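Going in written order, the chains are labelled A, B and C, and every chain counts its residues from 1.
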Amino acid sequence: MALLLAFFVLPNALLLSTSFLKSEAQQLTGELTLENYTFLFGRPIYQWAFLRTFIVGAAVGLCTVLLGFPLAYFLVRTTSPWKGVLIAVCLAPLLASVVVRTYGWYIILNRFGVANDVLLSLGVISERIAFMPSTGAIIIGLTHALLPYTVLTIMGSLNGINPNLEQAAMSLGASRTRTFFHVVLPLSLPGIAGGFILAFSIAISAYATPAILGGPATQVMATAIYGFITQLLDWSIGAALAVVLIVSSFLLLFAAARLGAKQAAI
Amino acid sequence: MSPWGALRGVVIAVYVFMLGPILITAAVSFNQSNRSQFPPQGFSLQWWQRAMAPQWVDPLWFSLKLASLTAVLSTLLALPLAFALARYRFRGREAMVALTLGPLMLPALVTGVGLLQLFQYAGLRDYIGFTALLVGHIVICLPFAVRTVAISLHTLPPNVELAAASLGASRARTLWHVVFPLIKSGIIAGAVFAFVHSFTDVNLSIFLARPGEVPITVKILGFLEFGFAPTLAAVSVITLLLPLALVAIVQRVTGLGDFIYGQRERV
Amino acid sequence: MSDPALRLAGIEKRYGATVAVDAVDLEVREGEFLTLLGPSGCGKTTTLGLIAGFFAPSAGEIFLKGRPVAGLPPFKRDIGVVFQDYALFPHMTAGENVAFGLRMRGLPKEEIQTRVNEALELVQLRGLAHRRPLELSGGQRQRVALARALVIRPAVLLLDEPLSNLDLKLREEMRVEIAGLQRRLGITTVFVTHDQGEALVMSDRIAVMNAGRIEQLGTPADVYERPATPFVAQFIGRMNFFRAGGKTIAIRPERAMLAREKPDSAFARQATVRHVLYLGATLEYHLELENAERGLVEAPNHGGPPKFQAGERVWFSASPESCLEM
């Protein structure tokens, strides 16, 4: 507990206070100010970074749900003897660092990468095009990185649905499709919402993927924080950005709680 | 096509999406040229040879040490914490739960920045590197260990402890002879989750590394600025295989799978 | 006179505002089989937990062989408990489960081995010592749990609805077997159940509990033939209740009689047969009396069509000794 207080609460409290301190010539002064926040919210480049972060988060959440739901539904309902293996394969990417997995997309998407090679040889394109750095590439990379979390969350809620309910619906005259839309989908909504928000909240604080697949023109909050802290050595603004990130995460968690997503419990 | 058949097609496509990049990385690491040609041209182990240079082996070794120590220490800390939270209802319990799970809720990136600032301003600048990384990793891995142990405590068959007591076993002997053997797989699972989380972390580590004390993930990330190099592909594959091998071994010995659902609500 | 094996004096257990056990006094004699019988939530399992020491009473004292046990943890009380879900240790074999209590008492290895074998033999599980609980059937697990509690030769054996997870046939077998074993070993036993059949078959005495209190304490015949309260009367077996001159008369359905002519009997009422249920060994006549009172008569099935048909006007009667005044 003391460890958590010292190395978790204290650093975050320190950041919060730093975000209200003025910084001059890369040194913190004792002067209280809101300048850091007005600076961030006043510049188009950071306004864009905020906006981009949330667009990426929402897009990643949506994509993981769109790809994850069919997969989760399949994994829960399949009677294949390979079910266990399929689930393991779906979760195995979690064992690899996001850096490693995003690197795969770098190999595919860069100017001299696999995608360009394949499209060129197929004659679809006549000259190399830049898939990255771009916001789209970041969305693809993060969708790939976070898909297993969403699948797990949705599987959790699908597993909780009594299969007899579907049979009951069909015995009452509902077709397969109508059973799906009137019974399965509504009951798995908490899982879908939970998966969406989970992916959303991890995506907005992800650093590696935007750093690899994005560039200076596609800054998000996490890369901006890194830039302020390690390159510009401007702690005040870096801290203010971090506080904005924390507040955003908490708003998402709050939304999740309101939507009835399962609370983390011990 | 039947709906189930269509679903199967979608599922195959999703698997290709999930595994494709990883397989391409592996394939490219055996390329002969230093371009990321795909399909690969020729076959060569030269990039794998280069991946064995100290430049890559050292950070790998560093990450292994860091993750192992993190796993052991966070599990040791998690045991009493999980017991207290799972078993007792006391004042301030809610606050303690929130504090324990806090690092799951807050972005690790922010915790990393905060720790960096703390170490710098508290005059602990010299400890940035391994010590700071260890502390940070324990903080972000602790929730995994605590929750996994707590889950295994909750799934303990009811009444076995009362049964042991009625048969003459004291609290301590009940713990040793009944509770520990039954939550052993939960403890191991918690340690494995902590290991994997530490080994794969990058968001916290980028702030707390220093030259010579760099985890492999941060090393790869830094190297990417220089563009593509097949050596990196080989290193990536190694970095991917290590935790996979560990989990495969542990899965054989005890059942990890039971605990994955318990982890699912990590937000 | 020597001390009773177990004595509860003014035992009370409160959880906040709710009273789970309310001023219970009880003496269990040496070697006796005493049953706590009542509906769920009546406080019987709580009482058992108090005796075992799993939690402390809010008031009152418990004596084991005359010795107060307040403050003694369960592992110092010299009790054996069989739990409803058996609570076998899943990571130990049947033999290791039975040996556990002896190991905790620090007995020498050879003695443990002999006593474990004896205990397993006692419950007819010889040869299954090496099986784990998961590899045993429900009935076998039950026997392991019994052997585990018996092998430590406790001063008092506590059984918490041990038969409720077994199927009907096995349950009826185990009733007889456990009761027989208990008499053979002469071990003082407190048995908790909500099943009146079990209680009647197995017990020396029954304490009928309701809402945290003991409503009646007596032999099986006592509580069945002479129920002290309306609750006991309708909880054990079935009962007809009639108002008669400001008093309540209770009549067991199997003691009541039906006739077409008015009988020359102390208690007789005219009634209409509502419906007749065919139960195999018996027939049940459901009646409606005047002022909307209901009546039930249970008659042996002698074969052939029922004597009375639905809709028929009949006379309901009972001999004076079958009429209980409540």
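Keep this in mind: a contact is a pair of C-beta atoms (placed from the backbone, for glycine too) under 8 Å apart; a residue touches a chain by one contact, two chains touch by 3 or more.
The structure displayed is predicted, hence computed values, not measured ones.
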item: Chain nearest the global centroid, as defined over all protein CA atoms shown; value: B
item: Maximum centroid distance from subunit A, chain identifier (CA atoms); value: C
item: Between subunit B and subunit A, distance of the C-alpha-averaged centres to the nearest whole Å; value: 18
item: Chain centre separation in whole Å, for subunit C relative to subunit B (CA means); value: 53
item: Mean-CA-position distance for subunit C and subunit A (Å); value: 59
item: Two or more partner chains touched - positions in subunit C; value: none
item: Of subunit C, residues touching subunit B in the complex; value: 52-54, 73-77, 79-81, 83, 85, 87-91, 100-101, 104-105, 148-149, 152, 158
item: Subunit A-touching residues of subunit B, taken from the complex the two chains share; value: 3, 7-8, 10-11, 14-15, 17-22, 24-25, 28, 35-38, 77, 81-82, 85-86, 96-97, 99-111, 113-118, 121, 135-136, 138-139, 142, 146-147, 150, 196, 199-203, 206-207, 216-217, 220-221, 224, 227-228, 232-233, 236, 239-240, 243-244, 247, 257, 260-261, 263-267
item: Partner subunit C, residues of subunit B touching it in the complex; value: 157-160, 162-171, 173, 177-178, 181-182
item: Subunit B partner contacts - residues on subunit A that touch it in the complex; value: 1, 3-5, 7-12, 14-15, 18, 67-68, 70-71, 73-74, 84, 88-101, 103-108, 110, 112-114, 117-118, 144, 147-149, 152-153, 155-156, 159, 176-177, 194, 197-198, 201, 204-208, 211-212, 222, 225-226, 229-230, 235, 238-239, 242, 245-246, 249-250, 253, 256, 261-266
